[in-house]
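A, B and C are the chain letters, set down in written order, and residue numbers restart from 1 in every chain.
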Amino acid sequence: MRFLLRRALFYLVTAWAAITINFLLPRMLPGDPVQAMIARFQGRLSTDAIASLYVLFGLDTQTSMFSQYVTYWGNLFKGDLGLSFTYFPTPVSEVISQSLPWTLSLMGVTTVISFVLGTMIGVYAGWRRGSWIDSLLPIATFFSAIPYFWLGLIAISVFAVTWGAFPAAGGYEPGLIPGFDWEFISSALYYAVLPALTVIISSIAGWILGMRNMMVTVSSEDYVTVAHAKGLPERRVMLGYAARNAVLPSISGFALSLGFIVGGTLLVEMVFSYPGIGYVLFTGVNAKDYPLMQGIFLIITLAVLLANLIADVVYLLLDPRTRKA
Amino acid sequence: MKSALNGKTMAGLAIMGFFVLIAIVGSWLAPYDPSAMSSDIMEPPSGAHWFGTTQTGQDIFSQVMVGTRGVLIVGLVAGAIATALSVLIGVTAGFLGGVADEFLSALSNIFLVVPALPLIIIVTSFLPDAGDFLIAFVISATGWAWGARILRAQTLSLRQRDYVEAARATGERTWRLIVFEVMPNLTAIIASSFVGTVIFAVLSVITLSFIGVASVSNWNWGTILFWAQNAQALAQGAWWWFIPAGLCIALLGTALALINFGIDEYMNPRLRTSIGGKVKMRVGFTPVLRQEGGRS
Amino acid sequence: MTPVLEIRDLSVDYGQGAGAVHAVSSVNLVLNRGEVLGLAGESGSGKSTLAYAMTRLLPPPGLITGGEVLHHGRDKEPVDVLGLTARQLRSFRWNDIAIVFQGAMNSLNPVSTVASQLDDIYRAHRPEMSRGQRSKRSAELLRLVGISADRLGAYPHQLSGGMRQRVMIAMALALDPEIIIMDEPTTALDVVMQRQILEQMMRLREELGFSVLFITHDISLLVEFSDRIAIMYAGRIVEQAASEDMYRSSAHPYSKGLLGSFPALHGPRRPLTGIPGSPPDMRTVPSGCPFHPRCPSAFDACEREIPVLEKLSGTNGDSSRSVACWLNTPSLSGHPGVGAT
């Protein structure tokens, strides 16, 4: 339990750091985002909106940095992330809550599939070192070096434009009303195939390579030799002794890979105009919609921290050594 | 280091060297001005335009050639800064231990967990004019933590080795200990973390250009893809507009990954893919190869 | 005495082709039923390689390049372990030969309990056993090595080093094997624990009647606990004798040196001498007798020809004493230039 408490404390500190960075960014960096925005909206902003913008970015010189910080936290706890300018006057929190489910389901499903599949292939490749699977490693390396979004572009041009088997953009059939009915869900699944495949193919190589190397390392541990000496079936040695131990660093390394996968998935959403957070971020970036970008960064960070906490719990369940009282 | 130069490393270095060469001489060798428009609009690859042309008649081959420099500058500069940071923070943390270590480790863990790409995107878009060096700096500010973490662990284990303890006992100064006793043993790890950061930086800068956060008038491979995407090159079937730049990215990434595999295998020989010889090795069942007479 | 395991001309290489290292060269060794055979040598002498090779557990790039390992089972025809298929080998392992490994720290799977690691053995070899029988047997085994049965649910990290080694011994006994190989079973433990465990092992041997191949670098332990001792140097057996004889009158200069490097446990104190130099790099083994550069009595024949393991001259009746040293060939010592082998 102490392990989990320590981790939870660490994530709280990290969340605080991310929120504080978010607070400081517009206040520390040069340039005047509000002026840029006023220019962009050419008089369509009310004086109230302009004033609230200055408050949001801490450019109103009347209040001290500290009281701005307190106000910022107060707003956060109320779920107030400011107003979006691309979707003016919709609050940022509302824009995010509409797109978040898309991203979470796309990213959740693809990450799990890619982790499980990649780990399984890696287990086998590491166990049968020197077999034909090793010849796939250079190909895996090549795929892991391709940016996610470029693979997405290729997928669109092959499967959507040339072949026409899958839609090139969007999250569901235009005209359908989102809801929990079969027509909508099947359409959403159909639209998700290409983005999901893109993410899986781009990210799986990393898991394969990492797991293979761990398997090779673990295979020479004494307890694996003992398992062989005991005359256990090979499957049992491979899974129960070697893979069972080799997967532990993979899970604790999950945290490090997650940030990268998130970045890649956001890009894939942009390419596919998938109605998730990545696409919203893309529109926000193009429109210099700072409140929206900042809100998205915050939500993504919190989601990643939560995923990390889950990975820690899984680790705790898998490694008895961390369960020490 | 001789055995680190195995086949993979050599292949990686060769590809990398090729790109470095293009980065240096590319802008002179490019047949056209990458921004110059012409009347050859959306032409597929031909003798005059090896990689075809864009919607405004720009030569894509020249864009790729000229764009190599930006990618490599950002990648190498960011890699160098981030590696310097990770050596500074990781080695210090590992060597000092105690509260300083706790603090520096927590700092690097925070930077590891916070998703880097969204942060880079936001920081860059706040900057009024994001040139190559500024972007390299932002990327290295978020990309140092991974190397710092590995270097800290390695320093920690080196610190306890006999020869370091012995040097410490003779009263050598801390900085001398770090520079002369610890650092030489971290060379391979530092090299591998540098290469890893370059991969990260290259992918990041291309992504930034692709989504249009970085200045789109600076040519790099990401910028090419940005214009291709904006012009709906995909829907128009202009595959030549986005294939060359993408392949260059993948090739450069593969080259860097190969260099890193070489370093990994140098540090941990068990990872080598080929064991050599004609007998199939299998863990737990030592092969029997009777040389005279009998058969296995 | 009947043999239970016979190693004939066993050779082991690391790697293949020109860069191959000959870790074990033409070793002949017999383990008799019910005896404790000690195998000693410095690290790198090939003693552990030999043990791993005869059970075919040697990791890549290890490779057996010749020889036979004959197992003489009770009421069975002798089988060559090196000729078994993977399936036969699995069933042979632990049923007939169990191993107590070096470094108990890492020999147990850190993520599963003692009970489940014992269960794995029964499931693989005695599928007919019921759950109740399995846990009864496991509890009985732990009692045999002096651990209370409630530790069955413990994970390895919850046990002390000595307990872990006892658990390994309990595991080795699980299927009542005829042979137990102990590879440096006590190096990681303190001296008191070392004695306790070895004494217990010998009691169990009296009780259960298995044979032991005891591998260690600590020849003083062998003198005390084994019936016969074989000494390895640079991948070859250089001397074999009954423990008593080895202790009192070893014939090979290397054995003498090895015996001189450990304090005697009993009897009069003698000065510790040690052996000058260090074991050879197996990639560049010296010509002739590999020990000659460190040997105080080397003469010119030693540099040219490798001495073969032969009966010790002057001990007509005693067939168990043999040595590989040119000093043992009276006609040769002092008369250089005569080829052997």
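In this text, a residue touches a chain if its C-beta (ideal position, glycine included) is under 8 Å from a C-beta of that chain, and two chains touch if they have at least 3 such contacts.
Predicted model, so just to flag it, every value in this text is computed and none were measured.
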Name the chain with the Cα centroid closest to the overall protein Cα centroid. B
Let me check something: if the centre of a chain is the mean of its CA atoms, which chain is farthest from chain A? C
Determine the centre-to-centre distance between chain A and chain B, using the mean Cα coordinates as centres, and give it in whole Å. 21
Chain A-chain C separation of Cα centroids, rounded to whole Å: 54
Once you find the CA centre of chain B and the CA centre of chain C, what distance in Å lies between them? 49
Which residues of chain C are in contact with two or more other chains? 52, 57, 59-60, 86, 89
For chain A, give me the residues that contact two or more of the other chains. 129-130, 219-220, 225, 228, 234
Each of the following residues of chain B touches two or more other chains, namely 275, 281-285
So in the complex, the part of chain A that touches chain C is made up of which residues? 129-130, 219-223, 225-234, 236, 240-241, 244-245, 248, 318-321, 324
Give every residue of chain C touching chain A within the complex, in rising order. 52, 55, 57, 59-60, 86, 89-95, 98-99, 101-103, 106-112, 120-121, 124-125, 155, 157, 168, 171
Any idea which chain B residues touch chain C in the complex? 275-279, 281-292, 294, 296
Interface residues, chain A side, partner chain B - complex: 10-11, 13-14, 17-18, 21, 25-26, 29-31, 33, 127-131, 134, 137-138, 141-142, 144-147, 149-150, 153-154, 156-157, 161-162, 168, 213, 216-217, 219-220, 224-225, 228, 234, 237, 255-256, 258-260, 262-264, 266-267, 270-271, 281-282, 285-286, 288, 290, 293-294, 296-297, 300-301, 304-305, 308
Contact footprint of chain A on chain B as seen in their complex: 106, 109-110, 112-119, 121-123, 125-128, 146, 199, 203, 206-207, 210-213, 225, 229, 234-235, 237, 239, 242-243, 246, 249-254, 256-258, 261, 264, 268, 270-271, 273-275, 280-285
